[in-house]
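Shared chain: subunit A. Partners: subunit B in the first complex, subunit C in the second.
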Partner chain A sequence: MDIAGALSVDHLKFLADGFKLTLYVAFISIVLSFIIGIVFGTLRYANIPFLSKVVAVIVETIRNLPLLLIIFFIFFALPEVGLKLSPTVAAIAALTVFESAMLAEIVRSGLNSIDKGQIEAARSSGLTYIQTLVSIVMPQALRRMVPPIVSQFISLLKDTSLCVIIALPEFMHNAQIIYAQNINFIIPIFVVVAFMYFIVNYCLSLIARRLESRQA
Partner chain B sequence: MLDFSILINNLDTYLEGFKNTVLASIIALIGSFIIGVIVAVMRIAPIKPLNWIGSAYVEFIRNIPLLIIAFFFYIGLPSIGVTLSGFVAGTIALAIYTASFIAEAIRAGIQAVPKGQMEAARSSGLTYLQAMRIIILPQAIKIVIPPIGNQFINLVKNSAILGMIAGLDLMYFGDLVSSHTFVTFPVYIFVAMFYLVLTIPLSLGVGYLEKRLARSH
Partner chain C sequence: MIRFDTVNKYFGDFHVLKNINLEINKGEVVVVIGPSGSGKSTMLRCINRLETITDGELTVNDLKVNDKKTDINQLRRNIGMVFQHFYLYPHKTVLENITTAPMKVLKQSKEEAEKVARYYLEKVGIPEKADSYPSQLSGGQQQRVAIARGLAMKPEIMLFDEPTSALDPEMIGEVLDVMKALAKEGMTMVVVTHEMGFAREVADRIIFMDHGQILEQGKPADFYANPKEERARLFLSRILNH
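On to the complex of A and B.
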């Protein structure tokens, strides 16, 4: 093992660049997934004939597929039908597709956790169904969704590492480039990369836990 | 657009991958359950150093990507002289990773059993381990089954990672089929179908168990 060689300043800078891209891709994906998740989750919650069923089938299909397959498919298979994406766009697209389905479920269970009596009260005081949803149910449900969304963001950060398969120059990919130079770099680099993920994700999980206990 | 002759002509290859995905999932499930129980017991045992080791395991493993663990066994260990096949390395990584989530589920289940039960068992003369085995665990198991079921679904999906370390699973053999047929799109649609054949019944089963066990409480 060559710890000093593996952790030279240049290498650490290169790892930091990768980590920045990991954070960037994960952040854009979670924002996009949140928007799509709100729409899909609400549609599934609202029990609109036919439409809610279609959304349910889409969400359940995506949730039951491996993320690796979705990343692989978007980057390697879509060009065959004329849609060629760069690794960064493909990564964001794949993570967004997968996470949207996850967040749709979080949104739906958040909405379901709001007491039905509130809807009845709002409706009988003259609000329409849409008004009730937007101004009564959603604001309360959103607060309950925050801790599971933070947890989901932790999985997303971890899952971004799967994008090495499409050569996205993120954290894991840059780590691979470093340890490919020298067999003695492998273990030290793995340890550093693992600890980096651990520190960031552990802090996020503490935030999620604190938010959860404050709500309870 | 979907050429079913690809599926029919390469059915043996697909089924070989499917078999290995199922095999890796089952072995990893059993392994992760055993490690998960041990870690969960360590976390709640009345011995402080054991608590720390258990917590460190759960917090560390849960917060790092599965891919690092898999690469550690497949690429890291050979660099210090231990060589494992992709299938073995991937299955061990899956078991270690999933164990941290299962340990958490089991701990939550055990702690959901009211404290008074343990106190009553201890004061009627049972040892801590006896009380655990005879009184607490049988009650906890009901609470714990649905989250473990969900972890098993995640495990099956995560097993796709074997494809990245030559683990002979569905993803790996999908790659093989697409290198024979020179197409990717239909090949991976069929790979997706094989995954759904596994995961959708599991999801429905877990959903059913969740509802039934919720009613029995």
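On to the complex of A and C.
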């Protein structure tokens, strides 16, 4: 084991670059999938003729495919029909597509968990369906959704490592390049990589716990 | 003011309301009683279209409740409703619970809506709870907030769906007192309840329902002293002698 050699300044800089890209890709995907997830989940919940069915088919299809397949498809198959994406854009697109579907289901079940009496009380006071959804159902549902949504974000951040396969220069990818040079680097690099993933994800769960206890 | 004309309602094959004919006048306090499953709540919920009727005609202020052309939100702002389980909004304070509909539906300003809300909170006897959350209140207090929430829309009709059935016995009185005061002020009220004392004291008319039909109706004094229908007699003896 060569700790000093594995964790040389150059190597650490290289790892930091990868880590930055991991965070960047995860952050953009989180924001996009959160928005799309809320919209799709709400559309599916709202039981709009035709539209809700279409959304349901899309969500169910994506949710039941492996993320790896979606990454492959976007990076390798789309160029065949004329849409060539850089690894970064392809990674963001794949993660967003997949996580949006997962979040849509969380949003839908969160909305479903709100007592129908809340809706009746609001509607009987003259609020429209949209007003009821926005100011009565959604705020209550969002609070309940915090824990599952955050664990989905944690999955997303870890899943960025799958983008190794399209040579996205993210954290895991750069780590591989370093330890591939020398077998003695493997353990120190793994420890650093594990530690970094853990720190960020643990912070996320701490935030979730804070949000959860604040509403109680 | 409220008129049922041979109204029928089915839940699938189940015939919940059978040929309901009923007219309720302005300022009248009508109490609906009957065994559970007799269709009382369903009938009440038809009035503001929380349930739709299968056939017949139901009008409120000459507006057909189930007509596609009727703006249901317009109709509903004129009909307050109080539920067995209160259904206060748990994420909003008492004041916000009361001001939500006046601000969103009647487009009142925040100041105006809060003034109205505080007036009605005073009226139901808990002005000091304005900034509390529903979970911090007792059941009786929650139900009084729910009544204030209904009144803040200044409706012409108030519907009460078993408003005291989920309350601990010592809290029933405080809610009934608020309802009695409301009745005295001339509010048109339709109340589904098992509170016979309240019915006797406040109702202008008692309606007895069983198996989806209105079996008997009359002034409380007559009804309690001398129910005509066998089933009404049986129901009263069960509920009064226990």
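Just so we're on the same page, the second predicted complex is superposed on the first by the 207 of 216 C-alpha atoms of A that agree within 3 Å, B and C clash if a C-alpha of one lies under 4 Å from a C-alpha of the other, contacts with A are read in each partner's own complex, and residues count from 1 in each chain.
The rule is short, and it goes like this: a residue touches a chain if its C-beta (ideal position, glycine included) is under 8 Å from a C-beta of that chain, and two chains touch if they have at least 3 such contacts.
Since this is a predicted model, take the numbers as computed values, not measurements.
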Side-by-side fit of subunit B and subunit C on subunit A, or clash: fit
Partner chain(s) touched by A:Asp115 [first = subunit B, second = subunit C, both, neither]: second
Touched partner set for A:Gln131, first subunit B, second subunit C, both or neither: second
More subunit A residues in contact [subunit B versus subunit C]: B
Partner chain in contact with A:Ile186 - subunit B first, subunit C second, else both or neither: first
Superposed model, angle subtended at subunit A by subunit C and subunit B (C-alpha, nearest 10 degrees): 100
Superposition-derived minimum Cα distance between subunit C and subunit B (Å): 23
Subunit A to subunit B touching residues, read off their complex: 1, 60-61, 63-69, 72-73, 76-78, 80-81, 154, 158-159, 161-162, 164-165, 172, 179, 183-184, 186-187, 190, 193-194, 197-198, 201-202, 205
Residues on subunit B engaged by subunit A in the complex (per definition of touch): 1, 59-60, 62-68, 71-72, 75-76, 79-80, 153, 157-161, 163-164, 171, 183-185, 187-189, 191-192, 195-196, 199-200, 203
Subunit A contact footprint on subunit C (complex, rising order): 48, 50, 73-74, 76-77, 79-81, 83, 85, 87-91, 100-101, 104-105, 146, 149-150, 153
Of subunit A, residues touching subunit C in the complex: 115, 117-118, 120-128, 131, 135-136, 139-140, 143
